[in-house]
Each structure stands twice: as structure tokens, then as C-alpha cells.
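There are structures below to look over.
Two complexes, one shared chain (subunit A), two partners (subunit B, subunit C).
And then the complex of A and B:
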């Protein structure tokens, strides 16, 4: 049979960000796949070398549109580490709340994409609608729905507005109610299961050797989560489970994400209940005269997609000498996706890509 | 609950939502209100905006430019500039709001701007006060018309919050001697910053340079504060000496108009510019001055010498800048030591003499000759100076104390503050009353009151001193800290009380009768005090000191010369280079402008430029 070269994206309904896959297909079967993230080069890491420490803070959230807060968190943690800044306890708790809100809205966004690519439009609409309740809360908290620009060195940028905790609890209650409908409609649906079980399986050994983390790794049976293993923010104060599935296939990856929603809700509730009083931010030095002592650091956290890290080098000036983002979508998008697509059916390409929860902007920073 | 056994019928649960009201908005017929912290279009309260430009400096996208607005009159602490926002660049991060020192900038809850003109996306934000036509009541606001010219009134979103501001509003506290300790001591009460404290204080400066415009000498304040922060004290000294050759004096007793203009002072404590200058100069020893300041070899022009009358700040400053220009000068000083008012009018606890000497010694080391104990008019005449020198700069200052001329002021135990302060400096034995009354509410009054209080403590072990002045507490001319510190030292101040007469009984002073002063100035702002004679108060005392102001003593100028000197009112008329109508005569310092040390320094500098041009044949450099 003749081999065809087929362009999947960068303008494709299933693509999150301008990310493309070049497929070689024989009939309906993918023979070879090559990831092509070259449409998204925004040069954040380079740009950050030219901006002062505080000027970089509104920039980093843009590295992942769906899940912006972990980027802000990492940047803040790296600067705090190099500058020796302390974060007040309330700041840590609010950061945890915001990070979990971000995880929930990112996972809901993922349900939308995944549902769509499998042809389940209703679940997609529901998830997108319910995500909006969290975006409303973000807007209330920090004045922006998508780019929150909220977690900054020293803590967070503003304290919670009055009544925020109650409204956040209400949104969590609502989501929890809706999740049982999600299950009936989608996750316990036989069509969904038959479409995804056994598709694009990844073994634990493969995942570990390729540097896969997050939900994709936990779907292969490895219970690794930075929040548990090396807690940051206030995560050591909360009780939560790390959902794990064994099979490593598209289905397992989806179920892990679905189960994490409940854990995030639980973490938010615990954080609100234990929220300490006091300031939420320790003042940083005058931004125009803020030189950070020479040094280097690597900090990492668990974003909605896996282990994300920042390596930052300071040469003693008011700008970072180098900032490097280790993003979980890089190995999934560049290494795993190409392998998993080999031999897959063309009709599965979209949902395999989506099941890996790749954020294209994370790949080329 | 994820079940092992999957179902085909579960999905029918979705049907229940068919009959529910959707939670989406039907835009644009229904509007979703933005949250109360929304980061939308900018609002700038123009009357509060100082034009400092910190918003433009912090903007990560260079979306803000400061635009000169001719309609705004610049004044100390306010530039005639306003921020202009380019919405093609703005990312609505709000860093401009968090850095704004006066808190004039905020982001509104409006976010829609519709216009066919692309240049309308570049505009100078205003507020409801300054742009009332653009702001419409919420009821009249329509999303269909939404634009920068059609915004919702009372709709601020992301506003400044002092607890989360990037500006550090709190000054590093200056170590000051405790009132109990300083009451008996003439040691310098302000102890100065340690290096770490000074660098921390210097780090607060935002470098907007509002201070530089307010400083009469336009000193390079932001540059030397940055040098202090960099711990490069030599550089700080170089920047300071560009415009100010008496920094150890200014670093202690300057009237610090710079700090009044400081943008951080709008909502917090201004950067402690004066103490930072003092700190920087304290770090450089006198032996190193020439090396640090690059004056080891000065160019010498072979021309006639310049005579300067009065070794106060104006005279010293003039001599310094003349020396830099290559001119030799001789200063004639009637007192036994140079320094003028900073030495003879300011108490030692504010202005230690060794620091004064440091500044003066450096100026002397540049070849300036100072002839003390030489009074022009008595020991040498002005005509002789004219004969022997190319030009004469007169900066004799104000040292004739004014009298209230109320009944009894001719008594020998009624003193003039400046005379007493001078006597204290010279170490003369002076009368110290058991109960002293000081008349006056300015800094000189506070200086003499606090000096006398110290002497009382030494002699009698207690302070018994009252001060009264015409001005009410809020308009007292003395610095706030002087008033507060005086009170801490046990001095009782009665503001808004005018002297009526001095009670004298069998040749001894018994005290001062005062009446209430209802207003000091008339509607036109002229000095015209009004009294309420019914409200009387008697201040007991055996010694009275007047400190109500000083005048010049120009009696050394011969009459025929005086007639040739043009006057403007009571003051001598001078041009911008302080040259009088008699070309070889230049005047400056307190007799022309002030009274304060920084104006004197500026006058000296400008006069030096004028003299240089005059003796080189009219060309001014």
C-alpha cells in the first residue's frame, strides 16, 4: 500500500496550541509520527535574561495557558531560594489553594478536549462550563481569568477577597455534584471504555526511562507525585491520595485525571479550613534595586501535567543570568507521543495525543 | 465513582439538564459584570499623579511612556508629565499599579474598547475627576458603545494596596540620642547610619529624580543614592561635589526640600536623602578627598584674584568653584573662624565643628586663602578690595537679630538669639537664666531654646524654659522634628501667642505678658498679625531671648558706592549670576536668597560662574 505524509495540526481542532504532528500513514495505520512544535517559539527563557526579577513575573504564566499558576509558583520559588526570601504561612496556604484551583481548571479543560476528540461533545461542554466557575473565582482573586499573575516572590499578590473562601467551597461542592454526572455520562460509559482501553499503552519502565511524570506516569502504576515526595507550599499539611492506575493505556490516563479532581477538591477544603491568619506576602526589595546574590538553584513542583522544574542562575545582577524550565510536556510531546502513535489508527491520533495531556506551549519555551 | 462495569444507559442522565435554565450570558444583551479586582483599562487620578515615571520604568512591555503636558505647571514634587499607555503592548499585569508611589494609577473593571481609529489605543488615562465626560453612570453605560471615551463611572478594579505595594514606605530609623542623654550634652544627637542601614535606606530610592528638580542645587541625588547602595562611596562623593562643596554641612542641617518632593513621601516616609549624604561623606576621609575627587592638580589661570567677603556657605562655595575654574580667591571673615551661620548660628549638637572643619579644610587645600578676624569696613575697606582684586563677592549673610520692640526689650537681660548662639560657639561665659522665655517659632528659636535648656541642665539640673510664637502649631516655621525634639527635652512651647510687654520689677525681669494671636497673615498673605487682647497669659522668666528673624548689616558699604547699587525693594538687585549693577560687585547668600544653606551654596556656584566670565572679559562658560 502507498505511504502518505499527513499533516496533523498545527491548525487542528484537537490541538492545544500551535503544535503539529507529521504522520506517515499506510491506509488507516500510522507508520511513523514526528512531533513538530516549531510553530510556537516564543523565546520566554531568553527574554527573561533581559528583564528584571519582578518584570519576569507577569511573563512566566504564559508558558502554559491551561495551567499557568505552577509556572508562577516555580519562578517565585526559584527567586525566593536565590534571594533567601521567606514566605509567610498564609502565603503558602493561599498558594496551595491557587495551585489546586489551577489543576482543577486544567483537568476540566482536558476533559473538554478529550471528550471532543472522542466525539463526546456533551461532557466537553459541561467541563468547559464548570471550569468557568473556577475562572470566575480566579478573576475575583487576582483580576484575570486566564493569566493570573498572582503568585510572586515573597508570597501572593493580594489576600483573599472577603467571602472568597465560601464561594470557592460552593464551586467545589457544585463540581463534586457534577462529577457524578460526568461519571454516568462519560467515565462509566461503555463506549468510552471500549474506545480507550488498551489503546496506546505505556509501560512503567518506558515511562521512567523517557522521563515521563505526572498523570501519565501514575497511569502506569508508579505513585510518584512531587506534592507527596518533596512537599512545597503547604502540601505537607494536607491529607490526600495519589490516584494510580496500572495499565498505562489511554483509559488509565483518563481515569487518573478524573480521580485527581476529587483529591484537589479535598485539598482546597482542607486548606480553607486550616488557613492561618497573618500577612500573605513578605515585602520584596525595591524592584529597581534588587540584585540577587550569585548562585544557582533548581526547584520543582507537581503541575497538572507532571513534574515541572526551574533551573535559575543569578550572576549577582538585577536580572537572571539564565532561566530554564523543565516542563512535563516536553518528554511526552516529543518522545512518547511519537512512539505511541506508531501503529495506531488515524482515528485514534487525536485522543492519544490528548490522553497524554500535552500542553504545546510548554515544549518550546 | 468509577465502576469496573460500564453501562450504556448512564449517559441518559444528561437529559435532566434539558429543562434547566442555562447559566451562560447572552452577550451583548446580557453583560457579565467583571470582578471587583478586575485588571482592565487604566485609570489615572491626574491630580494625584506626580509624573514620577515609575510606572513606565517597571512596565515589562514598555507600554507606558511619560508625556509632557504643557498645561500642568511643574512644582516641587510634581513633574508636568503623565503616563501614556499603549494598549497594543499592555499585558494588564498591573505592576504599574503596585509601583505607583502616590497611588494615582489603578486598573478599571472596564475592558472593552471599540474604535475604528487605531491611534485611540494609545492614550493618557484619566480619572472621573479629570475626565468626567468620558465616564458615564453605570445605568447609561452600554457595551455597544464601550470605548475609552465611554467608560463606566465609579468602576475601579485592581487598585493599589499599601500592604502589597512594591514601594517601601518605611524609612530605616535613624539612631538618635535619647532625650535624657542629649539634655545635658552638646554631642551630635543624630548618630548617623551604620553602613548596612544606609545601604538599606538607599535601596528604597526609586530614582524618579523628583528630588533633583526640587533641590535648589539640582544635586544628582538619585545617582549618589545609587552609589551608596552600590557601596561605592567615592562615586557618591564625586556626584555630591559636582554641585555641593559643603556636603558634611548639608548632610546635617540642609532644609532638605528634596525629601519634601520625594514621591515615596506622598504615602510614606521619604527617602532620608540628607542623612544618606552625610553617611556618604563620613565614609571618605579628608586625606583622600583630593584623590577621590580628582583635584590633585588643578589648572591655574594667571589672572587677578577674587575677594570674597564672608566665610559662610555662599562664600566658601564661591571660592571652591572659583578654585576649580583656576582662580585664586581670598575670603575675608570678621569672626575668628570660617563657617558663618553653620558654625556661629547652629548649635554643636546639630552641626559638630569637626565636620564643618572637614568641608572647609578641603576647600582651603585647593588654594583658597581665608583671612579671619578681618572685618571689611574696619580692617580693610571695600575700596581697597576693589583696588587689589578683580572682583568682589559679598556674602555677609543675615546676622543682625530683629527685635519685637515691645516694652522692655531695651533691658540688658533681653538677648538676641544669634548673639547668644555665637557666644556659645566661641565658649564665652554667658548668662543662663533660671527661667527663660524665648520669643519665636522658627529653627533659630528652637536652636537657642534647646541650647539654653542644655546649659540650664548643666547649671541648675533642670529645664525651665518656655517659648512662644505668633504662629499656631500647624504653621510654625520650625521643622516638625525640631518642635517635637524640643518638647522631648523639656521645653514648653506656646504657639499662637504674641508678646505684649516685658514685666520689669525693680530693675529685674519678671516675665513676659503675652496675648493670643488670632492670625499672622492677612488675606493677601502679608505679615499682619491680629491679636485678641482679652486672652492673656504671663510667662515667668528672668531672661528673655528674641529669635524672630535676622537682617543684614551692610554698613561696610560706603555711601557713595551704595547709591550706585541698584535695589529691588529692600534687597540688592542682582542678575542670574549674582552680579549687581556695579559690575565688579557680586552679591549672594542669605542677603539675596534664603535664608538657608543650600541656596547659599547655589548662589556661590552661580556667582563663581559669573565672576569667571566677568574677569575673562564678559564671556560666560
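And then the complex of A and C:
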């Protein structure tokens, strides 16, 4: 049969952001796939070298559109580490709350995409609608729905508004109710299981040797989570489970994300219940004349997709000498996706891409 | 195995290497360029089976590029930064694909952005940039503003 070259993307509902795949197909089967990133390359790492430390905050959140807070957190952690800044306990707790809110809204966004791709349009609309309640809370917190720029060196930008905790609890209660509806319609649906089970499986060894982290790694049976391995913010104070599935296929990856929603709700409730009094931030030096000690650091956290890290080098000036972002979608979207698509059916390409929860802006940066 | 044990093992096994325990869970190893592939094999054999990333820093004053291999051990919970320097005039390093398969993508990006050649990487093709004619853009001596002026004909902002 004749082999054809097929351009998949860069516009596609399965990919959050613009990202292309060049497929060589024979009939209905993918013979070879090549990832084609670059549509969202904004040169952030270079741009950051021209701007002062504080000016980089509006850039870092844009590295991941769906899940911006982990990037702010990482950047703030790196600056704090180099500058020797301390964060007050209340700041740590509020950061954990915001990070979990971000994880929930990112996972709900993923349910929207995955549901749509598999033909479950209703679940997609529900998830998007429920995500909006969390975006409302973000708007109340910092004025922005998508990009927050709320976490910054020394803590957070301002304390929680009055009554915020109650409204957040109400949003969590609402989501918890809706999750059982999601289960009835989608996650416990036989059509969903048959469509996803056995699709694009990865073994634990493959996943580790290909640099996969996060939900995709936990779907293969490895219970690694940076929140447990190297606790940051206030995560060492909370009791939560790390959901793990064994099969490593599209189904397992989806179920891990589904189970994480409940854990995030539980973390938010614990954080609100234990929220200490005191200041939410420590004073930082004048940000326009802030020279940071020379040195280097690597900090990492668990974003909604996996291990996210920043390697920051300072030469003692008021601008970073080098900032490098390690993003979880980078190994997944490039080599792993190309491997998993080999031999897949063309109708499964979008499905496999979405099941890996790849964020295109994270790859390009 | 703790940070101090790793430091001793590295310094005993690789001549001219220095290891520094930065803090709990962070160790920085500096090696000559020739020892880097051996060190990656050594670390992988000792439980550092997750290559987080490879990053590159351009040290213009020293006229060198610094490659940093970020490794993580799931069992020991230690992050090792393996650093090696290569001259800017002949930026060549040995590919680490045989040890960590997905190093391919990181090396591809460093090749595109810094112009470092990785011997043994079969796929050093453009990744993010399209029809790029200029010098590697992440180098410190590449001036973004000058490039934009020349490429797009932008004038100085008089205000």
C-alpha cells in the first residue's frame, strides 16, 4: 500500500496549544510519527536574561497556560533559594491551596479535552463549567482568571480575601458532588473503558528510562510524587494518597487523573482547616535594585503533569544569568509520543496525544 | 548511600573531578569533558535512573559552554548535577543517548540554541526554529534586539 505523509495539527482539539505531528500513514496505520513543535516558541528563557528578577513573573506563568501557578512557584522558590529568603507558614499554606486549585482546574481542562475526543461531549461541557467556579475564585484572589502572578518571592502577593475560604470549600463540595456524575457518565462507562484499555501502553521501566514523570508515570505502577519525595510549600503537613494504576495504558492514565481530583480536594480542605495566622509574605528588597547572590540552584515541584524544575544561575547582578525550565511535557511530547504513535490507528492519534496530557506551550517555552 | 558517600565515590573514580554537597538532596559534580559519559553510566548504575534534563549555560567571559546533566535517584532522593565544560570555539560533546534515550531531544535543543555538536546523536535537526539563518540564538553574544531590528526593520522608539 502507498505510504502517505499526513500533517496532524498544529490546530487540534487534542492538543492544548499549537503542536503538529507529521505522520507517515499506510492505509489506516501510522508507520512513523515525528513531533513538530515550535508554534508556541516565545524564547522565554532568552528573554528572562534581559529582565530583572521581578519582571520575569509575567513570563513564567505563560509557560503553561492551563496550569500556570507551578511555574510561578518554581521561579519564586529558585529566587528565594538564591537570595536566602524565608516564607512565613501562612504563605506556605496559601501556596499549597493555590497550587491544588491550579491542579484541579488543569485536570478538569484535561477531562474536557479527553471527553470531547472520545465523543463524550457532555462530560466535556460539565468539566469546563465546573472549572469556571475555580477560575472565579482565582479572579477574586488576584484579578486574573487564567494568569495569576499571585505567588512570588517571600510568599504570596496578598492575603486571602475575607470569606474566600468558605467560597473555596463550597466550590470543592460542588466538585465532589459532580465527580460522582462524571463517574456515572464517563469513568465507569463501558464504552470509555473499551475505547481506552490497552491503548498506547507503557511499562514502568520504559516510562522511567524515557524520563516520564507525574500522572503518566504513576499510571505504570510507580508511586513517585515530588510532593512526597521532596516536600515543598506545606505538603509535609497534609495527609494524602498518591493514586497509582498498574497497566500504563490510556485507561490507567485517565483514572489516575480522576483519582487525583479527590486528593486535591482533600488537601485544600486540610489546608483551610489548619491555615495558620500571621503574615502571608515576608518583605523583599526593592525589586528594581535587587541584586541576587551569585550561585546556582535546581528546584522542583509536582505540577499537574509531573516533575517541573527550574535551574537558575545568578552572577550577582539584578538579572538572572540563566534560567532553564524542565517541563514534564517535554520528554512526553517529543520522543514518547513518537514511539507510542508507531503502529497506532489514525483515529487513535488524537486520543493517545490527549491521554498523555501534553501541554504544547510547555514544550516550546 | 548519602550525599557524602556519593561525593567520595565520584572523587575516587574520576580523576580531576570535584563533588560538592550543596545541601540536603543536592550534589554538584564537576568533571572534565572526557569523563562525562563514564560518569553518567556510573551514576545510572548507582540508582540515578531518571535524567531530568540537560541544560546548557554560556559562560562568555570564560569562553566556555557548561553542560549540566540533571539526574535524580528515586531510591535515594538525591538530585545530582553533573557539570562539564566545553570550549566555545569547538563546541563538541559526546552524546549520552546510549545511557539515557531521551537525551536525544535535550541535545537536539542545545544544538539548535547554542550550536553544540553532540557526537553520536543522529537527529540534530531543527526543532523550534524554522528557516533560521542566524547564529544560535541562546548564545550570550546574540543580541535579540539587534536581530529584530535587522530582520523586521524596526526603528528606535523615540518616545
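The rule is simple: the second predicted complex is superposed on the first by the 365 of 365 C-alpha atoms of A that agree within 3 Å, B and C clash if a C-alpha of one lies under 4 Å from a C-alpha of the other, contacts with A are read in each partner's own complex, and residues count from 1 in each chain.
Operating definition for what follows: a contact is a pair of C-beta atoms (placed from the backbone, for glycine too) under 8 Å apart; a residue touches a chain by one contact, two chains touch by 3 or more.
The model shown is predicted, which means the values in this text are computed figures rather than measured ones.
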item: Which superposed partner A:84 touches (first subunit B, second subunit C, both, neither); value: neither
item: Winner by number of subunit A residues touched, once subunit B and subunit C are compared; value: B
item: Subunit B versus subunit C as contact partner of A:157, first or second or both or neither; value: first
item: First, second, both or neither for A:211, with subunit B first and subunit C second; value: second
item: Partner chain(s) touched by A:309 [first = subunit B, second = subunit C, both, neither]; value: second
item: Interface residues, subunit A side, partner subunit C - complex; value: 37-38, 41, 43, 45-47, 49-50, 208-211, 213, 222, 224, 229-230, 296-298, 300, 307, 309, 311, 313, 321-322, 324, 326, 330-331, 334-336, 364
item: Contact footprint of subunit A on subunit C as seen in their complex; value: 22, 25-26, 28, 49-53, 55, 57-58, 68, 70, 72, 74, 77, 79, 81, 100-102, 104-105, 127-130, 137-138, 140, 144
item: In the complex with subunit A, residue positions of subunit B that touch it; value: 1-3, 6-8, 10-11, 13-14, 23-24, 34-39, 54, 57-58, 60, 91-95, 98-99, 107, 157-158, 161, 163-164, 166-168, 202-207, 226, 229
item: Subunit A - residues contacting subunit B, complex; value: 51, 54-59, 122, 129, 136, 139-144, 147, 149, 157-159, 161, 180-181, 183-194, 255, 258-259, 279, 281, 283-289
